[in-house]
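Okay, so here's the structure we're looking at.
Note that the chains are named A, B, C and D in the order they appear, and that numbering of residues resets to 1 at the start of each chain.
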Amino acid sequence: MEFLNLHDAVARHVKDGDQVALEGFTHLIPFAAGHEIIRQGRRNLTLIRMTPDLIYDQMIGMGTARKLMFSWGGNPGVGSLHRLRDAVERGWPGPLEIVEHSHAAMAHAYEAGAAGMPCAFFRGYRGSDLPRVNGDIRFVACPFTGESLACVPAFRPDVAIVHAQKADREGNVLIEGIVGVQKEAALAARRAVVTVEEVVDGFGPRSSNAVILPAWALSAVVVAPHGARPSYAHGYYARDNAFYIAWDEIARERQTFLAWMRDHVLR
Amino acid sequence: MEFLNLHDAVARHVKDGDQVALEGFTHLIPFAAGHEIIRQGRRNLTLIRMTPDLIYDQMIGMGTARKLMFSWGGNPGVGSLHRLRDAVERGWPGPLEIVEHSHAAMAHAYEAGAAGMPCAFFRGYRGSDLPRVNGDIRFVACPFTGESLACVPAFRPDVAIVHAQKADREGNVLIEGIVGVQKEAALAARRAVVTVEEVVDGFGPRSSNAVILPAWALSAVVVAPHGARPSYAHGYYARDNAFYIAWDEIARERQTFLAWMRDHVLR
Amino acid sequence: MTYTAAEMMTVAAARALRDGDICFVGIGLPSAACNLARLTHAPRIHLIYESGTLGTRPDVLPLSIGDGELCETALTTVAVPEVFRYWLQGGRITVGFLGGAQVDRFGNLNSTVIGDYTKPKVRLPGSGGATEIATGCGEIFIVMRHGARSFVKQLDFLTTLGHGRTGRERRELGIRTKGPVLLVSDLCIMRPDPETSEMVVTSLHPGITCRRVCENTGWDARFAQTVAETEPPAAAELEVLRDLHARTARAHGTAVASE
Amino acid sequence: MTYTAAEMMTVAAARALRDGDICFVGIGLPSAACNLARLTHAPRIHLIYESGTLGTRPDVLPLSIGDGELCETALTTVAVPEVFRYWLQGGRITVGFLGGAQVDRFGNLNSTVIGDYTKPKVRLPGSGGATEIATGCGEIFIVMRHGARSFVKQLDFLTTLGHGRTGRERRELGIRTKGPVLLVSDLCIMRPDPETSEMVVTSLHPGITCRRVCENTGWDARFAQTVAETEPPAAAELEVLRDLHARTARAHGTAVASE
């Protein structure tokens, strides 16, 4: 683990063509890191994320991705992700290959990756058409009961980026609140980068079972205050719900989208 | 969930011939419940536990069990479990069938039970003789890589009993410290009984991610202060290491063992 | 007392929940229905959101499935893999809410695409948790607005299993959960026929005719032998629901979350 | 400065640990060796006990794998299934310590039974974590007292894979971890032959002869071309180790935990 600034962390750990997972389940979505990836002009990324959310809508709209692995691609409580739809429906700004799963499958694939397994087994996809359009979904018989179980490949992204509340001086990272699949994504990845709100001398009194990622399991820790905005950081700032609603208008048209990105991300 | 006293909880939820898991990984071992099972004279139990420890040494020596599923049967830091050895080596007080696993397999079998799976898959048992003596160990090929993965049946005990620090008035249970496989054992079981040090009005300020078992996932909660002794309860009392050492002498001979049980458990 | 179609739907769905139910809650109307039930006849209902919040008691409705409010008012919050493994797949959830862009006569749902999967006319959000919620929960409540384009003869894509394309798939696949036992729309309530598992109209909302339902259903809608009239929302129910929405609007600076 | 055989073993094992190693620690001598290393040349060593304590820094040695001291001084404590899945099977551990009642020339271990499995002469504790520690950790250090009954030609039961019955099994099974790279006994240090993977004597402890090793080894012990003499414990090492044991004895009211 080394402490890096955001520019250097992305420059060193995110390469063109990489399989990249930026996780954060509504909470702690690493927007600052996603914006830095856009600014550095990465291309041909395979983006993995359960809920692409606004951050992948922005990355897809700016042409960083050639492939998306996901399970729910909407703007929560608002509607569509227009940039994602434009890429899938009309190939703008370029064609986007999609590998589509259910939430349960994605969660299991991350968990299996963290556990060093080649694949994940679960009771899933029964009666759904999804296995017909996703070749990564297979079925295996339980050797004891004969029950047919779903099996998907483990996720082993080249790099995972997650956002957390705090790191201590050694680079250990504490995550609190809705922890989503961040721990699994970080442990499943070959390189794990964590952006944090702040670095503290020590975590102080805490639950013996606090969710902590040891420094030695990480590649880089980056101090990025408000690095999850417009998502939120439990204990630091609230979700900017108004922006999620406003995004519907901003992203609906290519030009308004590009203008907003130019003014707010690229500048 | 209902609040019961220890006698009624065992009378109602532990039947002759049941598959029973009393878990607690060194910490929070439910001794009081195990002693009550002995006092009520249960027979032909299948006992499941990663580390049988003194509690199963006592239950086996008193003839409650016909079968043991375990992964490490010693007195931690001290030596043998003499009653377990006497049962396996000389069939006293009766024959004891054993189903032997590794820790990883047991942990996975509980996890799979909690997850409603028929079996657990992991990378295990490679090169070991254990699969030759345990028919519950199979191997399945990963459909993507062809790697041979170990597979064991999920544990679905009739009843699991674990000990925890506290319950609130609704019967929700908080576990802190070394949590072992208690949560998995409780969720894997058809009936889950939890003994606690105390009942509190509320858990108060705590980590958002505290280890809590909801009342609705449990069958019974029992107030049993010091219910883990001579094991320990983090935040309440320390492990009685001297007793673990003394047990080596007490349990070495059948007569001294029976005398101790008569004086300390049956009376 | 006047009320909107959304209010009728929310109230009808809320009434179907039993005290003590363990609900897997989605955002939007299901969230409103579950919390309405919790604040009225089902105080001991337990709400689980797929973001990992167990036993949450939000004071305002979440705009997203992972709002801080859900975590702050929860008994505890677990990781997402655990929600799907120990709580959903573990068989602990009694009721799950689902909806979609299309539903067919057997309660199968499409939330993936309109048109061909490889060249979609409309790319929808996708499964999210639905595919496993449909088979993991004891029962499924479907909440959707009626319309000939959403209540269709033939789904463009079967994202989420209801009773299957023949009504018999659940049994054939060895699935022991019940699947869709209730469908609440803005026009009526439908429940599965005990024989065929086809969703049939069992109750019409006040002022709604059979004809109106038929015109807005893409298949030949069937009706139970005795079709009841849905009890309109009571003043008490509307008061609690509107307070909830008002609090929510103040908190989010919008009413979007309310549906 | 005089020292015991146990002290020589502990110091030799501790020296083999590198600063920054991630160690999967068992109780007894391995625990003493890891903490000695942490308190001397390897302050940034990370200790994981299978009870789930990550990055623990005990002030006294644990009597059991789950002592409260381990949890109280840990970075955090995770559930046991997670230890075996994310941390061990996940391939994050660099060094694991193992021992047993019997070891053979290829570092395979028996901790299950002496005699026939179905009618054991001695029923031993069993695998515990060993079976997967042996294949999941980057390297394995074996620590055992020498003796013709424990260093045997033929194991009664192969609980835990070393280099296999032929020395080639790891490759044949596609296992990429190294297995036993070090065996420390009270007489000598053994390391695997690069060709055959047989454990050969590379260093004799002070005052120990080849003959003594051969008499206490059940197979024809082999020696490296150049056999070194093990550096005796330094005064500083002994001081730290004895303080650790003294603190431990005071805490547990016994010295049992020290070996």
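Here is the rule we use: a contact is a pair of C-beta atoms (placed from the backbone, for glycine too) under 8 Å apart; a residue touches a chain by one contact, two chains touch by 3 or more.
Note that the coordinates shown come from a computational prediction; the quantities given were computed from them, not determined experimentally.
Annotation of subunit B and subunit D: jointly contacted by A, touch as defined at the top.
Two chain pairs, B-C and A-C, are weighed by contacting C-beta pairs, with A-C ahead. Centroids of subunit C and subunit D (each the mean of its C-alpha atoms) stand 57 Å apart. With centres defined as mean CA coordinates, subunit B is found 38 Å away from subunit A.
In this assembly, the C-alpha centroid of subunit A lies 27 Å from the C-alpha centroid of subunit C.
For subunit B, residues that reach two or more other chains under the stated contact definition are 111, 115-117, 122-123, 147, 177-179, 184, 208-211, 234. Touching two or more other chains at once are residues 71, 77-78, 85, 89 of subunit C. Taken together, the touching pairs give a contact graph of some other shape, not a line, ring, star or complete one. Each chain pair that touches appears in this list: A-B, A-C, A-D, B-C, B-D. Residues 115-119, 121-123, 138, 140, 142-145, 147, 149, 151, 153, 176-179, 206-211, 234 of subunit A are the ones touching subunit B in the complex.
Subunit D contributes residues 27-28, 50-53, 62-68, 70-71, 77-81, 83-85, 88-89, 108, 112, 117, 120-123, 125-132, 134-136, 157-161, 164, 169-170, 173-175, 252-254, 256-257 to its touches with subunit B in the complex.
Of all the residues in subunit B, the ones that touch subunit D in their complex are 25-27, 50-51, 70-74, 76-78, 80-81, 84-85, 88-89, 100-104, 107-108, 110-111, 122-130, 133, 147, 177-181, 183-184, 211, 232, 234, 238-239, 241-242, 244-245. The touching residues of subunit B, when paired with subunit C in their complex, are 111, 114-117, 172, 184, 187, 208-212, 214, 216-217.
Listed in rising order, the residues of subunit D touching subunit A in the complex are 20, 22, 46, 54-55, 71-72, 74-78, 85-86, 89-92.
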